[in-house]
Amino acid sequence: MENLLSLWQSTGLYNFTGGQAFMMVIGFVLLFLAIKKGFEPLLLLPIGFGAILSNIPVAGIAEEGGILYYLYFGIKTGIFPLLIFMGVGAMTDFGPMLANPKTLLLGAAAQFGIFASLLGALALNFVPGLEFTLKDAAAIGIIGGADGPTAIYVASKLSPDLLGAIAVAAYSYMALVPLIQPPIMRALTTEDERKIEMQQLRRVGKTEKIVFPLMLLFLSILLLPSATPLIGMFALGNLMNACGVVDRLSQTAQNELINIVTIFLGLAVGSKLSADAFLQFKTLGILALGAIAFAIGTAAGVIMAKIMNKFSSIPINPLIGAAGVSAVPMAARVANKVGLESNPHNFLLMHAMGPNVAGVIGSAVAAGVLLSLIK
Amino acid sequence: MENLLSLWQSTGLYNFTGGQAFMMVIGFVLLFLAIKKGFEPLLLLPIGFGAILSNIPVAGIAEEGGILYYLYFGIKTGIFPLLIFMGVGAMTDFGPMLANPKTLLLGAAAQFGIFASLLGALALNFVPGLEFTLKDAAAIGIIGGADGPTAIYVASKLSPDLLGAIAVAAYSYMALVPLIQPPIMRALTTEDERKIEMQQLRRVGKTEKIVFPLMLLFLSILLLPSATPLIGMFALGNLMNACGVVDRLSQTAQNELINIVTIFLGLAVGSKLSADAFLQFKTLGILALGAIAFAIGTAAGVIMAKIMNKFSSIPINPLIGAAGVSAVPMAARVANKVGLESNPHNFLLMHAMGPNVAGVIGSAVAAGVLLSLIK
Amino acid sequence: MENLLSLWQSTGLYNFTGGQAFMMVIGFVLLFLAIKKGFEPLLLLPIGFGAILSNIPVAGIAEEGGILYYLYFGIKTGIFPLLIFMGVGAMTDFGPMLANPKTLLLGAAAQFGIFASLLGALALNFVPGLEFTLKDAAAIGIIGGADGPTAIYVASKLSPDLLGAIAVAAYSYMALVPLIQPPIMRALTTEDERKIEMQQLRRVGKTEKIVFPLMLLFLSILLLPSATPLIGMFALGNLMNACGVVDRLSQTAQNELINIVTIFLGLAVGSKLSADAFLQFKTLGILALGAIAFAIGTAAGVIMAKIMNKFSSIPINPLIGAAGVSAVPMAARVANKVGLESNPHNFLLMHAMGPNVAGVIGSAVAAGVLLSLIK
Amino acid sequence: MTEQMSSGIEIMFVGMGTVFLFLAMLVVTINILSSLIQRYFPDAHLLSAAAREVTGDTDKSIIAAITGAVHQYRNKYK
Amino acid sequence: MTEQMSSGIEIMFVGMGTVFLFLAMLVVTINILSSLIQRYFPDAHLLSAAAREVTGDTDKSIIAAITGAVHQYRNKYK
Amino acid sequence: MTEQMSSGIEIMFVGMGTVFLFLAMLVVTINILSSLIQRYFPDAHLLSAAAREVTGDTDKSIIAAITGAVHQYRNKYK
């Protein structure tokens, strides 16, 4: 009888709190978005599942002794986001960017979204009930980098309590890029601009592709050492792929290793979606600022492309500026698609891949600045 | 000279204890069973090897500083059995069970082996020289769950000293299912019952397969949170496979990740096969109780099927009740084989897969009850 | 303004020390050797990259909180080199050795390089400014084993400060085997000896291949328990491959698992290439002694083969003695190539594989002796 | 009977009860959800399965040939 | 304006400045290195690309056939 | 000669002695076990090897063709 009572008192029904129930709904929504809507399922599925697991009453899966507690060490130490960045580096082809290096500047301009939303977060402090420290603001701003591992890395260092909301916002908006970007791109460009055809890119040789990651790392060492964990692991992955002599390592880095780490990282991020941390007015602010960051980043990229067009003899289609936010390869595909609407023979995909991967570098650099200035 | 003496004093020959030698023989027996007899080689080979390595005198491979000592953390924290459960979940097709959900009750009945052998362990306390605590008894009972990761997970929480013997018993009896089950199945059924043909199963759609793991998790959250680490990771693996949008994660979970963890888990389980813990009268009790648990579970499954047959208009072949112990997919194959002996046109395999996978859920639920009641 | 100053003070340019800059050059040289010269790229690429990352000022990637700091635990605990050894074991075919077991003695003789360079390191203590402890000397000597994971394992136990230099020397000289060995081989043999054709090897059955790793482990347990971590993991890998019943584990051990660990091990070794530890007169001594170790090992192997030829009715081509240093499979290929120069129909490759894999066992035994005598 | 034994028996009843309750509720829930899904969200996949089974033949024979070849290859050389 | 706000603005200027400086320097370095590499270490690979494109046809059609088959196989059975 | 040096020399003798002893014992054990195994547990595999080598031709040529194709494919597209 006592056992029966103690079993009843250990049921979820008996112990549920409203917050936990609500967070589980959030988890289910993330699963729904991942599975039915195709929103970045590789990340949002494990994140959503982790959110459910970590909010189960009594079980303590995200508390000491539970599996999610141990997996979180991989984020706390930075190991998981850095290994994912290595894998992404191994998957990245810098060829289109090396063929037209000017487009790197588009990847720079689009980072304006990061700093604008950082300012926005600070401005929200004037709203009663909202309180963001400078660290919080920087961690929120990095959503505008449109790069998952970078956002998780920075948030885990500066504002671990907001990590869950920030990661969810970053991946959700990356999935929403095809909805967020086109109206902004159309509003800022004329039909003629969208029709601009670009010169075919030259083929980039193997030596250039091998030298580039080393050069990138070297520049980062000289100018911004705080960005070198991110840029270093990215360059390592890229070098392993480009050099052609360690194919088995490169293949493992971009397949099994990144898959294993993705499962663990997703679950661990989900474990930060607790009611205490998430069910706050702050979270709405984060979601709003994230959307603003993406929009501003897109606009800044397009405007930068228009400015460059003024000074360049070789025409640049301003649509590829939007790809500068990163969100690889989604943003580049969006640029291509919007371009095709105006000119069915205008394939911008490869031209947009340049600013697209430059955006990854740009956000890593911005992350380095934030990590080095804000302590 | 001194060096020569110190080298001699550091040889295994000089330092061997009888217990260590005996445990190595156990290790070799496990290797023999794995390699020559095909007894669950994926687990018993690393377990047997781990047993040998951990009993090497002087070397201290299972002591602080040795590799097996570090690998054991993966069991202590529950990470290894849970990751294996995730991989098993990804490999499991719930289709046959969803097509005929009644067969879930067969998977429930067969768990009677768990609780019967728990009682048996307590009863053995009347034998002088044997002393099992309630925790020990529960850990021994779970052998009857016929599910490796569940047994290891529960034993590591309740009775880590018995872990080695329990894991060895669980995997050995799973390999012996084709010998243990058929006589019991034949004794409890008539020739006519064994000839019963079952209706073809309907095809189960993708949506149902996606919804099922979530529903399973939800029910477990409401009723039995203590089972959610096991059921949650199992459901995660199953969802990753069923949803079809994260194939690369699902493939990694059921291939490289589970392989890596299997090697580590096996070695770490083997490291618990030390002379101190294993060479006790207790171990014989554990082996005997394990066999009883399998036999009772099998019988309970068959009897339950016969009872259900009385009340159901749709015929159920009682042989598939035996598959309820889990031991996937061995027990289902045994049901199929025994059925074919009586009726060469009667293919029970898919019908037996229903209770078979239900048995996995049933043992996880039983594990949850034990973990929640016994502290 | 303050921010700008603090950013400048956090640049690499502001903080660089000469030692760090020099170590980065070393890192780049290793990358160059790996990529352009094909020097053991699987290891030297991550080691070189790790050297660069760990010497970045301010970033602290190899200090507490940095990724390389955490990865180093895998070396400190011995887990990484032992897992690599398991994978190498799974890749090794002992067939040629079992077909002609006498050649094991060639693998024994070639270990003379280890002990000769140990003595050499102690002798260098007479040079003012050089100071090697017995532990240092043993760790340096193991370079002569021509086996990466063994060298890293021993150095991490006996002399972690020298680990970086020792690993670099070991892998570099392994890559240089085609340059180091041929002149020594030619100098010690006559044209007639190099022309000796050897009898075709018998085919070795599966049972012998299964029994061998167990026998090897058993002998090591009896005689030299301190070598059992290395020999045990090697034998485990080999058994998994030979037994044929755990192919999925064996495949994972020799592919994804070894690849993942190789990346981590390489980076972690690189993290020990700090200016403090590397930029010492000692390092030159280590490099010199490493070369001597390889040369003496080669010579000892060849001379042993000539001695055996005196007493054996079945002819042995002394060139295959050089393969006894291990450096699998490079040294065996070198023996084959030098043999072909004298006799274009003389394929020594398979005959050289015997001493070649015996050399791996020989160095593991030598490692066990060193670990057991020197504390 | 010892106290331990009696708590063991209680655990048995509570345990088997919970296992049956849990799996019985799962049966009920599956039945409800399956009929809901089959009625309101039928899988296009299953509806068109019959159709595909007719037209799929050519594809299948090509794939079968290749499959066989690749399997032979993998078994031999893996 | 609060102190926090003003330091936020400073971070914005310093940050965007660094990002632009960094990427602009990367543009310059890429241009320099690319021209150096193309002049002094041209890739044999690229030089002979045109040639290969002519002769490669037979190879390609075989590979295309196999690729197609293997893809079909993998999509179906993975 | 220093004390360190003399212990180094001792280690050398003990070490090389152990290495030779170990590998020599391995030679002896291999010889014993190999003859035991070849006499009492001969591999069916090896006994029938000669037979298979005659009949295996057709298989091999198919496999060789596929292998070549798959290798081409993998080298190109991996």
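Order of writing sets the labels: A, B, C, D, E and F. Residues in every chain begin at 1.
The rule we apply is simple: a residue touches a chain if its C-beta (ideal position, glycine included) is under 8 Å from a C-beta of that chain, and two chains touch if they have at least 3 such contacts.
Being a predicted model, the structure only gives us computed values, none of them experimental.
Across the assembly, the mean Cα position most removed from that of chain F is the one of A.
Annotation: the chain B:chain C pair of sequence copies touches via predominantly different residues, less than half of the used numbers being shared. Spacing of chain A relative to chain D, judged by their CA centroids, is 36 angstrom. We define each chain's centre as the mean of its Cα atoms; on that basis chain A and chain B are separated by 41 Å. In chain C, the positions touching at least two other chains are 3, 7, 223-224, 251, 256, 369, 373. Each of the following residues of chain D touches two or more other chains: 7, 11, 14, 18, 70. Contact residues of chain B toward chain A in the complex are 77-79, 82, 210, 214, 217, 221-226, 228-229, 232-233, 236, 239-240, 243, 245-246, 248-249, 251-253, 256-257, 369, 372-373.
Chain C meets chain E in the complex at residues 1-4, 7.
Residue ranges of chain C in contact with chain F, taken from their complex: 98, 101-102, 104-105, 107-109, 111-112, 114-116, 118-119, 122-123, 125, 134, 137-138, 203-208, 211-212, 215-216, 219-220, 223-224, 358, 361-362, 365-366, 369-370, 373-374.
Every residue of chain E that touches chain C in the complex is listed here, in rising order: 7, 10-11, 14, 18. On chain A, the positions that touch chain B within their shared complex are 3, 6-7, 10-13, 15, 24, 28, 31, 34-35, 38, 41-42, 45-46, 49, 52-53, 56-59, 61, 65-67, 70-71, 255-256, 259-260, 262-263, 267.
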